[in-house]
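Order of writing sets the chain letters: A, B, C, D, E, F, G and H. Residues in each chain are counted from 1.
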């Protein structure tokens, strides 16, 4: 408790910037941009960067990107993923591979957020895009490679059935991301969310709708467990 | 309109017993039992039977079955399907076959209601049970036979993903029945209902949760279209 | 399975373009445009067109239409239906007719999507527009013609009662489309969706809210069953 | 306000028994039984009866009926309607007639609650039962008589489409009661509730699910407006 | 039925313009504008006006108003109510008065739609605005006048409690309109909708969220019942 | 943090019995009974009682009551409130009074739970029962006394409008408890919950459906603030 | 009642401006701006200001701010809080302090609305911002100071867990504000709303989503109870 | 695909018993009992057991337990967890430990299902029970030990905040199980489900309400990744 209490955080006027994860384990510090002013995003980004680790900002809009890029011209803007990364530490990629699977082309922004998250966390990834269940031969064509993944992330909107099918094909943990792709009775992602929660396949867990970051982060810490130097 | 107005129906105290379908096209008359007293079910059944066609009662409980069986000892009680049928007219089965597919053993009562409905309507059917997507090899083992069906009915609870996968495998119309099998975030069948409505496979339409009768009936009138003597 | 595995699909960077339906049965290839960039829509359209069959793009916005039209000036833009079609194969229309019924003028975009889908699939159609149940004489005036349809598609928003009334009038299969027309307790189409799912008329099945394409496609494959050369 | 403050009510330990309606306008006093002990129901019934007007208790279970009948053997138990009435004042029935319409046999308990309410309020009523829209000829056969009603009450479960159709046929005010008859996507009456609220027919208003009493009461005070001696 | 079938309606390309109400009983013809093009609104308006009765268009946007005004410069645009009226027939106002009650200033557009509807139907109305229950003395100050209304319309958003309180104060029928005024857990009017449906006051019925037209129309036909010449 | 870490709790096999509130401020220890075996309830009750303060168990069923009474024959079972109390410490009641208000007789179990909670916390309370808004004169008759309360708890089911009306009458904080009393569109208390959350009266906060304990507890700690010796 | 009836309010064409709170107890008069025209806001503001007390307008947009500032140049616009205040009476701040706690930077507008409300009501406040439970050491670092607050307001979006944790740390009343900060399964604040309503910590009550004003107001009237001169 | 197609499964009349997991990787075969007859459960259990691996049946009721025990007297019935296990293969427990955390005593059945699942999969587990956030010192007392877990499973009902707090304390993957413990606005587990999905802590994923099996299974396959011999 004492230790906990003394963990470092840096109080700004509008935020308590937290450094303990980066200090302890080389994880990136992360900023969730929505609801913050460009100035706030820039300022928080700067404090996090000053500690020396890698930095990731998610869901950044144009003004927020601009605010960061004016401070750190070397920061990378991942347009499809709506992310900004600043890499200040290098590490070899993992041996184990994280499979990134999507049902359709419209799910790209979500899976790309997961991908950027995995990569800034030094994970090896492999993409399996546009393999939705309506044309299941496209998925089955990859089934052997899919089984070699150590963790699998599946993003799907509309009915979200892909997570269950993938869950039945592989033995690795599956992290399912319902996406808000769809219309009508999709209810902004409620349909695939319920589908994935009710999956009859074993080994599937679910994150929030469109939450590519969280799925990527979780996949990364699971994948690390299998590395020789893990923990 | 005039014709419509003069269609025959027989007023009881508690129901207007309708004969026009049976008269016109040999369809069975159908009683939906819930909310009716055993006496009412028996009385309606008798009036329908008196016209001479086949009769089907769905969702019958023990007392309702008893009430009908005391009037028509030859009526058949389909226990798993919770149906009663009285066959008074024979017809050769169709050439085309209706495929009846379920995800799990717990979906049996629903698919059996569809099956009894199809059979009293003189349809040829073929069952594909317990082939849910979590072990997709069980479904794929039947994919060739499935493609030979003229219409397919799919009943699935939990996440209901089976309808999409089947919809992607076959070219026939698929009638999807969400079932209330499941718990928690299944919300009594809401999850598979939304899954099926959002299916990205083409050629899939949906009926009410657990509505085996309606799916069976619709499959039958579609299947008839393909018969040589159709319409 | 082997056959399945070797079905042709063409991997782009952002999509796996699927050709097996067009190859096998002359069905059009279909692109669902939302969430895709104009470039992606154009590129997928081109790959599909190259195979030689008919092509249909649904829910196309102005930029996507422009992207396709710059590649295929002969492609037709159906404005009310928000669709693009490219006809490269001709076939005689069906004998059987698909009835297209709407409750009100505001449901036009949805039923027009169904109509464009039916027509690119070589179906004969007949429209019954603005015949909602609040003035039921408008529907009853057409009841004789309606009964001659081989399949009926009904699009209705607000309370969606039209599907049940039509379902009671005809013996043909009825595909019901709830539309998002309405306000307040319509909850963006939830009200007519529930109405249609609970229809007490037999022979009614439901597709997603505003999903004119899916209803049209399903109506087409059902209508084909009744053609002499069917299957 | 002063007048309001001095309206008579009689405090019991568990209830404030209210007499002002009965005193002023001969309306019956009403007890909603659920959640009250038989003793409480009996005691409140007695206080209301002591004032001399008619008394109505709704949703009474067997023990509550027993408690009232032991105090007032002349009270009438309406079994299907689950109501108890005590008539202590006679009045001639109204000239105007309230039409009571139901979609199916299972809606009887709800419409009977409306009927008992109307009758204890001295209204003339006419029943049109089991005329749901799936066989619309049954309703149309009565359309002339329906148009002669001064007010119409419509009870329907499942998809509840009957209220819109009736609303389109008559010019009288229509009070719609969604019933909990149905299953699956009826969600205990939510489906017909939304249907009725979204009715595109003019002149339709809605009460709570299964609330036969409220519909009957409202129909009665509307019907009274048309009587010669009204107000 | 025959009569019904031959009721006049005039088919346009996009609508079946209905004249039977205006012909029979001097009711206005009504156009619900959303989802129609300005051209369509203008055209339907013209056909309705040609028959000679009064015309009402609701929820008209600027372009739709312009389209009508260019055809009928004498038509009146009610800005707050978002309505257009064309009066071609005069009738003396009713003796009975319809009370129009709102909880807050933000409910004005909805109650004004009801008011315009009542007035084009020749009803006498009286407004009681901004008398929400949070300062109940404002409502009670009017309780005597409120009791003199023959029908009462109550529009309230947020928690919608006003309908119940008014329902307890008056003996007249109360038509309750939930409005979408509010935020957060109002869920766009769901909260006052449920409040009003569950009203423990007798004599209250509910229309769709924000549906001022429907409430005004219903109030008008109820109020007419009490007029000497009624029916 | 250190202090926090060393707060006393007593680990049983199935629970960590917590003593820090009772030790610090004479608050009662509380057991929420549902989901615990009678043995578990008895055992936890005994550990809490051993510390010497007052003990309260809520939502106790017959077997749980029996288990506690066999250990503490002097414990009091409050039947309507479904609570058990053991008083081991006496304190003078507060000067300030907590008003306990209910809409109807059926809300009694909930308000009684609040009352028992207040009393075991040594609060003075005053009851205002069955004063729902449908007969607002019953509430207004008490308005002067209500204004003298230091805190007010309002329990109401069905439409829950009472909280807003009370909130407009008094200046004291109002704790609103939605109850599950009602049916149909009450959706087990959802309707009054939304009503209360959207209250346009100031000074109203809401607890969970039927949560009499939480409202009573909160009312007590607020009432204490006004006592001379407070804090 | 009489007293109640004669409470002063000033009828405008569009509002009944209420003065009784300000007159009696020095509370500010409050205007909820959404749905009112700038002219209406300005006019109501002027009437309220004329009485001489402090005035608060919440959720003011730019045009509404402009309308007020043109009348009262000395009025203060609190940009983050979207509020306008006019201070015309001074009072010493309270002894007791209200703690204002937020989970994240994005919750600032909501908590600032609470803060402005408290300050115009002469309350002493202390802010604890960006102390969400994902880095609980940030909250625990303040636990001693938090315990010294007399009332605590907690604003949190996303999962809203902060209210429960704070509720377990302090003995003061906790007013919880769910915020609409979040996405996906937050459903615009539904998730933290349910979280807070189900809080297993005692002493927590909830206001509407994003309702900083109501929480601030309630905190103020509770905090006043503890002041020496209270009541 | 070929391989997939030839995976072994054994067709019974009512189920396709699947052996491929057990054969490949020593995982237990699992039966989800609800909706199956005792005879079916017994029969499936026997087929699974015959293959020689470990067997797990979840959610077994008394009759189903009896059916299995009559066939396999040595099978173990875990009463709190409602599971049956048959151990036929022994394996050394893992080095890594899975932490099993619950908020309250009532969550025991769910976490016990997870525990039984982990143990039949040869996992080392450690329990942290009744450490809900309302008394956060109980959780913090274990924070050091919690950090040593390789995976953490958290079961919580009511508001479900525990998952976020644990997620903020540990760096291991957290599998969150919302439980149906609670009442009112818990909506049978919807509240903690939404809470957990919206968790602002990183590294948290969610399974279905009350799904202890799925959480345990997923925790096991993740924990295995960290074992020396993993994959």
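To be clear about the criterion, a contact is a pair of C-beta atoms (placed from the backbone, for glycine too) under 8 Å apart; a residue touches a chain by one contact, two chains touch by 3 or more.
Bear in mind that the values here come from a model prediction, so they are computed numbers and not experimental data.
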If we look at chain C and chain D, which chains touch each of them? B, E
Relative to chain E, the most remote chain by C-alpha centroid is chain H
Same-interface partner of F-G, chosen from the options B-C, C-D or G-H, over half of the pairs matching: B-C
Furthest chain, CA centroid comparison against chain A: D
Quick one: chain A and chain G, Cα centre-to-centre, how many Å? 36
Centroid from C-alpha atoms only, then distance chain A to chain F, rounded to Å. What do you get? 44
Dist(centroid_CA(chain A), centroid_CA(chain D)) in Å evaluates to 57
Taking each chain's centre as the mean of its CA atoms, how far is chain A from chain H in angstrom? 25
I need the residues of chain A touching at least two other chains; which ones are they? 1, 4-5, 104, 135-136, 140, 169, 184-186, 190, 193, 197-198, 202, 208-209
In the complex with chain F, residue positions of chain E that touch it: 103-104, 132-136, 140, 158-161, 164-165, 167-169, 182, 184-187, 190-192, 194-202
Okay, in this complex, where on chain E does chain D touch? 1, 4, 21, 24-25, 27, 30, 140, 143, 150, 169, 171-173, 175, 193, 197-198, 202-209, 214-215, 217-218, 221-223, 225-226, 230-231
In their complex, what parts of chain A are in touch with chain G? 1, 4-7, 9, 14-16, 18, 20, 34-36, 40, 178, 180, 188-190, 193, 208-211
Contacting residues of chain F [partner chain D, same complex]: 104-106, 108, 129-131, 135-138, 140-141, 181, 183-186
